[in-house]
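What follows is a set of structures for review.
The following pair of complexes shares a single chain, chain A, combined with chain B in the former and chain C in the latter.
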Partner chain A sequence: MLVWLSLHAEPQLETLTPAHYLAFFGDRFHYSILWDTLLLGAKATLVCLVFGYPIAWICVRASARWQSVLVFLVVLPILTSVVVRTFAWIVILGRQGIVNQAALALGLVDEPVRLLFTEAGVVMVLAQVQMPLMVLPILAVLSRADPNLADASKALGAGEWRTFWRVTLPLSLPGVIAGSILTYAACVTAFVTQTLIGGARLIYMPLHIYSQAVGANNWPFAAAISVVFMLAVLVVVYALERAGRASRSYVHA
Partner chain B sequence: MSTSTNRRTFLAAGAAFGAAALLPARGWSQGSTLVAATFPGTWNEAHRQILAPAFRKRTNATVTQSIILAHDQVSRLAAAKGGQPPFDVAIFDSPQVLDAVKQGLIVQYPAAKSPHFKELLPQFQDKWGPVISMQVIGIGYNPRKIKTPPRSWQELYDPKYKGHVGLTALNSQLGIAFLAELNRINGGTETNFEPAFKALKALLPNVGAIGANLGAYATLWQQEQIDIAPYNFNFVQTLKGRGVPVELSIPDTGPVGWNTSLHLVANAAAPELAVQYIDTHLDPAVQAEMLKPPFDVIPTNSKVKLQGAITQSIAKSHADLGRIRGFDWEKLNPQRGALIDRFNREIRI
Partner chain C sequence: MRSRAFDWESASLRAVFGALAAVAVVFLVAPSVIVILTSFTASYSLKFPPEGFSLRWYAELAEAYQMQRAAWNSLIVAFWTTAISVVLGTAGALGIARSRAVWARACEVLFMSPLILPALAFGFAALVYIHLLGLRPSIPLLVLGHVVVCVPFVLRTTLAALTQLDPGLLDASYSLGAGGWMTFRRVTLPLIGRGVGAGAFLCFMASFDNVPVSLFLADERTEVLPIHLWQQIETNLDVRTAAVSGLIVVATLALMVAAEKLAGLTRQLR
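Up next is the complex of A and B:
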């Protein structure tokens, strides 16, 4: 349906044409938005991984009692709506927000730093909002990993770090890949967070599709860029999936 | 004698009770629940608090008000064309009326069935649906930071406001009206928007934030992220009512605005109720109630005397309402897509 609509010149579906696809790739404005969006997803996923992995690691190692508390804290954000969480971040990052007020009070900065409406802000908020999607798969894989393997590594004379890099990390790779796929897909399509924190000047694909469809009433073009966006995300997810398969064979080998 | 009266009263009361109990059930089956569109912010609150109870009192029917922006309403009605529309009463700003008429999404308003229609000031008696209010734009500012009210749009360019000027994306009526006014004062015409984009480019270094939509825009004011920006009279009144430091100043170039109107949707599920609902909005008692703060909805019924915040800056008399400058949407509408596209390109970081 989407593909069919995207191949027509007008919403009434009268003339068949590939013009919308040509327009998309013929104009730097459009394809740079696609590139920015894919890159944004990569950055947010990376930040999520850097912070999420240690959280999952700590959860696994904590005592049973603490483990349930920690897992609850990780899941807690999912229980509130994305809109609410994002608005909370507006309050935190704003000119009068907690971050800026604290920095001003400590004398770190002379005047409020711009955090809202910057890509750094969007990456930060996306990473927090989508964190559970990264932590939970890693947590699942880590807790299933046989602790004897790590003990064996240590018994054979490897230090903590060496054990981590050579044993624990490879074992947890399938979880990392699964978490990355989920986080990535959620980040690139997070319309609410992208528009509320990014504002109108940082244009990403979801906002672009929305404004073409609803603002400019150009449904076929919106359909065309949706198809392009979907394919691009599928390519990334497929690449991650392949990496995941490779890592699984590594684990079983 | 007395027993018979008692029995009669009892029966009557019982019948009334039974009827009352039956009414909602019958209502549902006959579609006497009306679905009406409303705008976010001021409108949604005024409609929920004033219009819905008045409508219930008048017709004994209930109304579900769903918050949808004007161009979203056009899109949804167009998508549902031929079938049952998602709502019975549409609320449009001037430009959407033209779009909706062109696409056959609304029908002519049956004025004969609407007793209050004739009481409207003549310019508001539109055959496609009565104008229920006007929306006026001016310069919004934070009175805590800016002591003297801005007198001209030129003040947005003042270097001392660097990073504190706000704008809103062109998906809102406010955004497009501001761009059109910027164009006009810089010598542009409805067919030549070059002056507006030149002026926009010059303004961008001062701009601290551009709200992606009106909700995000209101948050910018609440968080004092922006101190001076184009804004809409009614939104300012609502925010002020919530204790947000914001005031509106009408520049020397005069107030500009557009009409807001209610319409009967084509193929509406409950057309009779829809007309009753719209007529309730024209009732002088309802309009007088909406004129009170914090709503300050500009009335269109000739029987409602202007008062309150409106008379301080926008219009002292009914004649002044006619002097609020509008735009030629007939010419602007076809360019809307191109303007949005150009605007997004210009502002993108």
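Up next is the complex of A and C:
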């Protein structure tokens, strides 16, 4: 529906032409933005996974009371306004922010480090902002997994680490993938975080679409890059979805 | 000997996971705490730790009329979005859950797609669309745009609640002579109420917080709070922003506690 809409918008404004698509792919600048955006999503998703999985893992093993508290803490950020959360990070990462103050006080650096307006900063903030989307699906899968399987593995002499890598993690793959899809989709399109933390120098697709549509008033081109962007995200999501299906059949086998 | 090695391994796994989770929880919670602390600063800069303690920035909010209007717009939009989404989402979930047909799956995917597809692209498409229809941005259109992006939240929690609903209960109600409407009101609705409630809550928060759609569908008259704050942060960082943020965080917390008590929010999300 959305694809149809943005495609449909063009012939109304001028004659139907593939020129905007050609322009997009003809210029390195444009597709380097697309590539950066897709890569940014992948990095942020990976960070979410590394930190989010342990939360879910601990949560399943905690008592019912602690479980509620943990889930509450995980959900809190996603319900707080994205603008507010991003703003908080500006306070933390800014030149006078906590990170810099601490680093200066400890003598780790001689002058404030630039953290805002860098890709590392954007990845970090995106990871925090979207982490709940990763934790909740993994939690759902882990709490359904049969604990006997892990016990069986241990009874057969496998250590805890081996049990985790060979039993628990593979069993939770569907959750990991569902979480990755949500996180990834949210990260690549997180306009507010990208613009506020990334600033004007780091351009990602959502900002590119916005500036073409509103700033340059070039609607047809903005529509074209929207479509390209959506298709690219769909391809990634579809690939993950296929991986998810494969992992599910593995779990049930 | 062997059991000691086993314990060490167990402890190391717990230590690694515990440490990662602890870092992650701090990482998740710290920003909200810091915003609240910073908003009580007495100085003009957003320094942490704040210099001195005062409520002056909260007092200044009372005079920030533009911000107040934006906040009011946001509340109105979020209220209507939630109301419409709950009706549409519940009806949609009922239809989808009852049918096993292919079109029902297709509808589910279609309604869920706003969760995956870039909302910004949708916002832009919506702008182009209403422009073609010759309409100007207005509150009702903004609500409509928000409904599209917010319906998935209601749909998802309601569908989850419906799959747990025992069809035998509906049959029992029918065989006892209750009509379709009465069964819905007295049996189905009370049983899925928590799912709908949790969905409504998520939907409200999502609408209140939405930037990508509002960005295109709101103009100066219909400016909403997140957009206003976003522009404030981009142009001049002042402490009033922190004060508003503090208010939003506290309000969110209060709503969450209420939702937890009423609808068992944390259970619905799993």
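The rule is short, and it goes like this: the second predicted complex is superposed on the first by the 240 of 253 C-alpha atoms of A that agree within 3 Å, B and C clash if a C-alpha of one lies under 4 Å from a C-alpha of the other, contacts with A are read in each partner's own complex, and residues count from 1 in each chain.
Following the convention adopted for this analysis, contacts are C-beta pairs under 8 Å (C-beta built on N, C-alpha and C of every residue); 3 or more make two chains touch, one makes a residue touch a chain.
The structure presented is a predicted model; accordingly, all values stated were derived computationally and were not measured.
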Chain A as common anchor, with chain B and chain C clashing or fitting: clash
First (chain B), second (chain C), both or neither touched by A:A103: neither
Which of chain B and chain C A:I203 touches, first, second, both or neither: first
Which superposed partner A:M131 touches (first chain B, second chain C, both, neither): second
Touched partner set for A:T80, first chain B, second chain C, both or neither: second
Touching partner for A:T195 - first (chain B), second (chain C), both, neither: both
Which of chain B and chain C A:I58 touches, first, second, both or neither: second
Touching partner for A:I90 - first (chain B), second (chain C), both, neither: both
Partner, of chain C and chain B, that touches more residues belonging to chain A: C
Part of chain C, among the options 94-102, 130-138, 184-192 or 256-264, whose backbone runs into chain B after overlay: 130-138
Chain B and chain C footprints on chain A, overlapping residues: 87, 90-91, 94, 96-97, 195-196, 213-214
Chain A residues touching chain C - in the complex, by the definition given at the top: 1-2, 5-6, 9, 12, 50-55, 57-58, 67-68, 70-77, 79-92, 94, 96-98, 101, 127-128, 131-132, 136, 139-140, 143, 159-161, 164, 181-182, 185, 188-189, 191-192, 195-196, 205-206, 209-210, 213-214, 219, 222-223, 226-227, 229-230, 233-234, 237
Chain B - residues contacting chain A, complex: 71-72, 74-75, 163, 167-171, 208-213, 216, 219, 223-225, 336-337, 340-341, 344-345, 347-349
Touching residues (chain side chain A, partner chain B) in the complex: 29, 87, 90-91, 94-97, 114, 116-117, 195-196, 198-203, 207-208, 211, 213-218
Contact set on chain C toward chain A in their complex: 6, 9-10, 12-14, 16-18, 20-21, 23-25, 27-32, 34-35, 38, 45-48, 110, 113, 115-122, 124-129, 132, 202, 205, 208-209, 211-212, 215-216, 225-226, 229-230, 233-234, 237, 241-242, 245, 248-249, 252-253, 255-256, 260, 265-266, 269-270
